[in-house]
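Residue numbering begins at 1 within each chain, and the chains themselves are lettered A, B, C and D in the order written.
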Amino acid sequence: MNEDKLKDKCGVFGILGHQNAADMTYLGLFALQHRGEEAAGIVTYDGEQMHLHKSTGLVNEIFNEAKLKALPGNSAIGHVRYSTSGSSTVKNAQPYMSDYSRGQIAVAHNGNLVNARVLRDELEAYGAIFGSTSDSEIIIHLMAKPSYRTYEDALEGTIRRMKGAFSLVMLINNVLVGARDSYGFRPLCIGRMPEGAYVLSSETCAFDLLGAKYLRDVEPGEIVMIDKSGLRSLYPFKKDPTRLGHCMFEFVYFSRPDSLVFGKSVGIIRENLGRELAKEHPVPADIVIPVPDSGNFAAVGYSMQSGIPFQTGLTRNHYVGRTFISPSANQREFKVKIKLNPVKAVIEGKRVIVVDDSIVRGNTARNRVKTLREAGAKEVHMRISCPPHVSPCYYGIDFPDPSELLATRYPMDEIKKFLNVDSIGYLSIEGMLRAVGGDRGKYCMACWDKVYPCPVVDEMDKYGIGKKR
Amino acid sequence: MNEDKLKDKCGVFGILGHQNAADMTYLGLFALQHRGEEAAGIVTYDGEQMHLHKSTGLVNEIFNEAKLKALPGNSAIGHVRYSTSGSSTVKNAQPYMSDYSRGQIAVAHNGNLVNARVLRDELEAYGAIFGSTSDSEIIIHLMAKPSYRTYEDALEGTIRRMKGAFSLVMLINNVLVGARDSYGFRPLCIGRMPEGAYVLSSETCAFDLLGAKYLRDVEPGEIVMIDKSGLRSLYPFKKDPTRLGHCMFEFVYFSRPDSLVFGKSVGIIRENLGRELAKEHPVPADIVIPVPDSGNFAAVGYSMQSGIPFQTGLTRNHYVGRTFISPSANQREFKVKIKLNPVKAVIEGKRVIVVDDSIVRGNTARNRVKTLREAGAKEVHMRISCPPHVSPCYYGIDFPDPSELLATRYPMDEIKKFLNVDSIGYLSIEGMLRAVGGDRGKYCMACWDKVYPCPVVDEMDKYGIGKKR
Amino acid sequence: MNEDKLKDKCGVFGILGHQNAADMTYLGLFALQHRGEEAAGIVTYDGEQMHLHKSTGLVNEIFNEAKLKALPGNSAIGHVRYSTSGSSTVKNAQPYMSDYSRGQIAVAHNGNLVNARVLRDELEAYGAIFGSTSDSEIIIHLMAKPSYRTYEDALEGTIRRMKGAFSLVMLINNVLVGARDSYGFRPLCIGRMPEGAYVLSSETCAFDLLGAKYLRDVEPGEIVMIDKSGLRSLYPFKKDPTRLGHCMFEFVYFSRPDSLVFGKSVGIIRENLGRELAKEHPVPADIVIPVPDSGNFAAVGYSMQSGIPFQTGLTRNHYVGRTFISPSANQREFKVKIKLNPVKAVIEGKRVIVVDDSIVRGNTARNRVKTLREAGAKEVHMRISCPPHVSPCYYGIDFPDPSELLATRYPMDEIKKFLNVDSIGYLSIEGMLRAVGGDRGKYCMACWDKVYPCPVVDEMDKYGIGKKR
Amino acid sequence: MNEDKLKDKCGVFGILGHQNAADMTYLGLFALQHRGEEAAGIVTYDGEQMHLHKSTGLVNEIFNEAKLKALPGNSAIGHVRYSTSGSSTVKNAQPYMSDYSRGQIAVAHNGNLVNARVLRDELEAYGAIFGSTSDSEIIIHLMAKPSYRTYEDALEGTIRRMKGAFSLVMLINNVLVGARDSYGFRPLCIGRMPEGAYVLSSETCAFDLLGAKYLRDVEPGEIVMIDKSGLRSLYPFKKDPTRLGHCMFEFVYFSRPDSLVFGKSVGIIRENLGRELAKEHPVPADIVIPVPDSGNFAAVGYSMQSGIPFQTGLTRNHYVGRTFISPSANQREFKVKIKLNPVKAVIEGKRVIVVDDSIVRGNTARNRVKTLREAGAKEVHMRISCPPHVSPCYYGIDFPDPSELLATRYPMDEIKKFLNVDSIGYLSIEGMLRAVGGDRGKYCMACWDKVYPCPVVDEMDKYGIGKKR
């Protein structure tokens, strides 16, 4: 994709039973950095009280040795996030930490509640005050209800009130909690370090970095509570394996290829997506090239399936980060070229198949094609390893407004013209399901097929207050 | 004093009816900077919603043009504070802003509730969660109680529950509120700008900077509500002018000499303190010198009363701020000398009266005397414009633990030896009252005479949870 | 390689005839960033005088809009460099700019003079003073000799005195100069922008970014002078195409794969190196994987030649830059894993051929093998697209001391043991020459075969003053 | 003054024989900070080579523990300066350090050569190159002339060529050098630390901070050379005590009041200036107030002589440094008020004598009067402790262009109107001489009386190249 990046709401991490809990969480968040580049935070519990540091920026900008030393304790949770509002505000950064009647509690979550407005209005009516617009603060308010006898009661009661997508980690005094909505929209994995510490993470790539072993996923609808006596589970919902909603786009784009997500290797799935793409959209050509690095695996799969040689036709500039670009060169085409430069000698005179994971607005793809043609490509065939995006996500991903999506603006033949390609091929819903070896009942593909597994409460609010903020 | 500074909890400012409310608040806080150097914040209300920016640091480090532009609106409140915990934490910075059932509310306060723990425990028992340890958050929780019909009800009910010292400013949607406890411990003034905007400020020096006119103080026990129709008051307590507790130390040390505080000129009062000091503790000498700038006014008063010439015997280094001092020079004596260097030619061979406002631990004063003797002073007579500090303040000032105070560690003759002075003289309680022209019933002088006007609830808490944090 | 990076002394850029000369140079340096990450600078000439800004850091950290605006003019030169001394010193940053009798002059160079000490001693004997240890300052001193009649005389005389490797750019008032030593060790290309401006650059990737067309290389031994009337050349040496010394390591490692260097595509040459490697060191295996991104092209070449499928077995973390790594995780193995994580599902149970460009000390390679084995690789075969490094470079590359090089410490079978690989294969000198399609007389391969094209004067200095600093 | 500050070109410091030479120099520069706020640097010599760090900013912004550790050695020189060009350029920061045929040399100076252009042109004609526009670089070039046999020869020869004002410190390998022009324009003092280290400093306030004893001044025309065997002197000029040019403005404004300068106490001289001012310009009034802190000492002197009480009528805001001031308050009057606020209760209804050291452009003084009148002053009488400024300084002080000076723009009665004062009085030349107890032949007062002790060469340059840069 390499476009205006889609914004996943977040990555979470938790650990219990490690003397350097903050250090490990820092590393875990570093591994999950791709899930949220705009803010990060860590809360630790030292047996007596919690310690918090969070700020805007990248994980390695926010933390340093001194900051981590100021976060003592054997348990911790952490979070990386995208802020949708002004980049300088730390108000909505997570984890969210509070005192309440049972001590201290901290929450970090990935996903989006579809009844957040309803819950908030209800809580405010009973006197609650809100310092942020984060779902995490709602969750803590629900946990703090005085009617619950135990924290287990509070957990079950709270989770039952929450509708939508959430993979969350909590610290409740000395207990580490992990929980997932009943559809399992977002991933959440359980691992264990050689010395015995338990770890929770959005993706297993964090386990690799820490030398932790992947045990299993937190199941859809499961609440996991971990303390020094081990791991226990609560199941506030009855299980229904035919009504799941694993986010297919985690495979296509979000997760790291070296992670296991929903129990499967993301890298291998991406190769499979490329193979299926080659089956559905074959074309005679000289070379297959990926858009690095988002198209790397699918391009290898396409090449294997088609027998057309894989080559590196675009090189990635590793210094492009928050680069200042001088005003006199500030056009979109230029921004494309500063990131990925064609290798002319590879491209020149060739029929080129370009493989990428997805197209959102289409402007980046269009400029990419232009640079390939300028580099001498004889033909350019674009292959995309998922269907066209046409609908919003209510479960934690910030797509542009549907009116800005390429596939809602143009029919397929005009897309071809817009991009100026010789052919275009998107993988089908069926192709994706073949690639993951799964059936429709297990995956959420609403952004492509508009089938939303979980009803969206706030949008239906007849008083329109869902739009309040 | 010029010592380990005493830490006043805080300075507040508010404005309503000015199109550049954030700019004016920035300037107001700049004028109040001496009341809190470790964090600052501003909340504005633009007619639809509130905007907040707060951070650690000095006012002019925290705000810049862009940050102020992001704070639109005609009304604003602001705060400067000392953090008692780690300098990097922004958690307790004020104002504290929240959503609640009636819209949005923001609070900033100066002082200290003596029943904070009791209120907090009660609120938590009803399900409240606390993201900070600030009294402001407690105040908002009290305001959010669903049983109140109107915000005026909420204000009266809330203020009645609060015990201790508080001078606070609030924004409740489009209403600016100022309120003071019934003892009037901390100052809070009302002013008006030529164009009509109302302003509230801890001290009048902020009015001078803005060109605003001082109208009057918010009275002890008064709640002032300002909106576009003007100013109204509520009086939740019955007035009792014989039971006030104006903080005498505001005159002696905290407030700026160019401010009016409790309706009187701080600079003139300090001159009076110096005059009284000369009456109580005369001594033959050649020159009177101040410890700049804290002793400037009292030294002038002492000189006038005694007829002994005023001279500048110590010069202040204006670059000493957050200066790094190299390790090879890192002794206390050195730190004294880098701030204030004696003017040898003025001191040499003279009998010197040194006037300062107060002595806390005494180490700085002792080193000061040493440098004066090294510069050739024949005699050193120290004169202090208040009595010896012996007891803690529960109303918003962080004194060191009583066990560290010079006057609790030594009897007067040993203090003389410790400081190595030829004589020492502290102004008496009666001398202070003469200087302000007031009577005992109006002032809190508890840090000197242990008479606490308002009972301290948390300290008496039999469950000891007052110490919880 | 991805190891303790080899340090190329530098990248250069020049432009004449563009109204945003500083902006263009900024972009050119951005494209050349890989040739020097520790300091950068730009000098412009506005028709009356020169303007300089240089500092330590990355190009986009050093410059911003305001800094570029303060560099007016139609001509400019720029430089990126590695500092070998303390990172904070800006003393040796280039370009070096001076006033002298003929006006102003600025120099930036890539390479290393092998008679720098001799020239410096001679100049000092005549009264010269040196503010840096940079060769550029020596060059300016040579140019400033009063005996030269014209700047062309000075250029010819200066270049003749310089021994060793140098690709340099100069501004002499309103003339842009490019020059290369007679061996052509380091690259230097001439390009032209659509609007007519001439550009000089170490590599053509800078031309691509600016939309400039590659014209030709500055020839070995050529001096190019560009002003508004166009381009002229001086040839202070007689040409000898059989005695060239193009640095082969530019192809293997340094240059960007999308650049032309010495007139050839770096990417294609790297594929060829991979093909030759497959011919020289075949082995039965399941997959070929690169060490990304340094081994990408050679791995594709190896895969094509051998028919063994190319896959992505290691993923690169794009956030690893100047990452703080927490002390509790501060081992070398960890540092390897944080950069490149194996894709277990790809590696597990496979016989893996790992292709990289070079091995220097060997520790990184060894840890890489360890992580592959832990990920389940059945066999690990390492293939390197150049011979073993055994000797220092005197022409501008900072290799570690020979005693630290893996190939000088161990014979080949012990290297295999040290790395714990099932087999190891280095490409031969002959293989490299086949890959570039060239003959021995054209390339410097001294770091592998100890044949130094140009004698090293300073090292032979019998008074030992070559070691003075 | 407290106006657009006059810019003294610079403060210098040197030390030999102290194991923490860099630390001591840092502290010395800190004490001299008022002589130059825009750049600073330190060079040390460790017995083998020199180490340099310099940058723009305040001393305590530029140096920290790590930076000082990177400056080992027993001898050091340091410098603080004002940059007249762009604030971000480090090009002209001092000390200037070079290699030359006799080893290494570093120079820092205070003053201004009046034949800099002539020397520079001559040196360039012999092949010299210049990386800065600093006089220090010229000095090093002169020192590097190959014809000198010894460094003592070089010193004598170099100093003889230099015309104008210079108080300089040098390190020549292991020798610390101090030198002053034959007029003694700028101060330079010699001190000794208790442990034996020699120190050189522009003012003695640096000695106080280090605990060093003031020995004597470097005499006008003297070169002092200090090494481990002690201190020796050279006198390249014949002494003429009737042709000196001590800068009178050092007493009036520049030097710190706690310093000895030209062997006299600056503070006492300022009191004397105030006394003479009271004699020359008496007026009936109620109070004497200083413009703090520049007028403090003179106001005390005025009060003593006149018998009119001294009071503090203006308070200084200690947070005004590099304060951002919001655009909506960005008028000049405001800037005056943010720095110094009147104490109304002191001023109101009084006839006020305001004492300051000098007036340059007059705008600040005018606004100051306005705020005093607004605070209720019945009469305002301004008293200035030196004559009106009318002419430029060629010896190291950057006054505004004569056309901008208040006293060249208006006759005295219009100055009174411009400032809106009831009376104005400037001290006379004779009054100043009485205050210092000296005669005309010893002091330079050219900025007031246009008598320039040393002819200005560059200005007379008939080819106009004195204006080249």
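Methods note: a contact is a pair of C-beta atoms (placed from the backbone, for glycine too) under 8 Å apart; a residue touches a chain by one contact, two chains touch by 3 or more.
Quick caveat: nothing in here was measured; it's all calculated off a predicted structure.
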Touching both chain A and chain C (chains): none
Contact-graph separation of chain B and chain D, given in steps at minimum: 1
Of all other chains, the one whose Cα centre sits farthest from chain D: A
Interchain centroid distance [CA atoms averaged], chain A/chain B, Å: 48
Computed distance of Cα centres, chain D from chain A, in Å: 61
For chain C, residues that touch 2 or more chains besides their own: none
Chains that touch, pairwise: A-B, A-C, B-D, C-D
Residues of chain A that touch chain C when the two form their complex: 20, 23-24, 26-27, 30-31, 33-34, 58-60, 63-65, 68, 205, 208-209, 256-258, 260, 265, 267-268, 271, 293, 296-297, 300, 303-304, 309-312, 315-319, 321-329, 334, 337-338, 341-346
Chain D partner contacts - residues on chain C that touch it in the complex: 52-53, 67, 70, 86, 88, 90-91, 96-101, 105, 120, 124-131, 133, 140-141, 144-146, 469
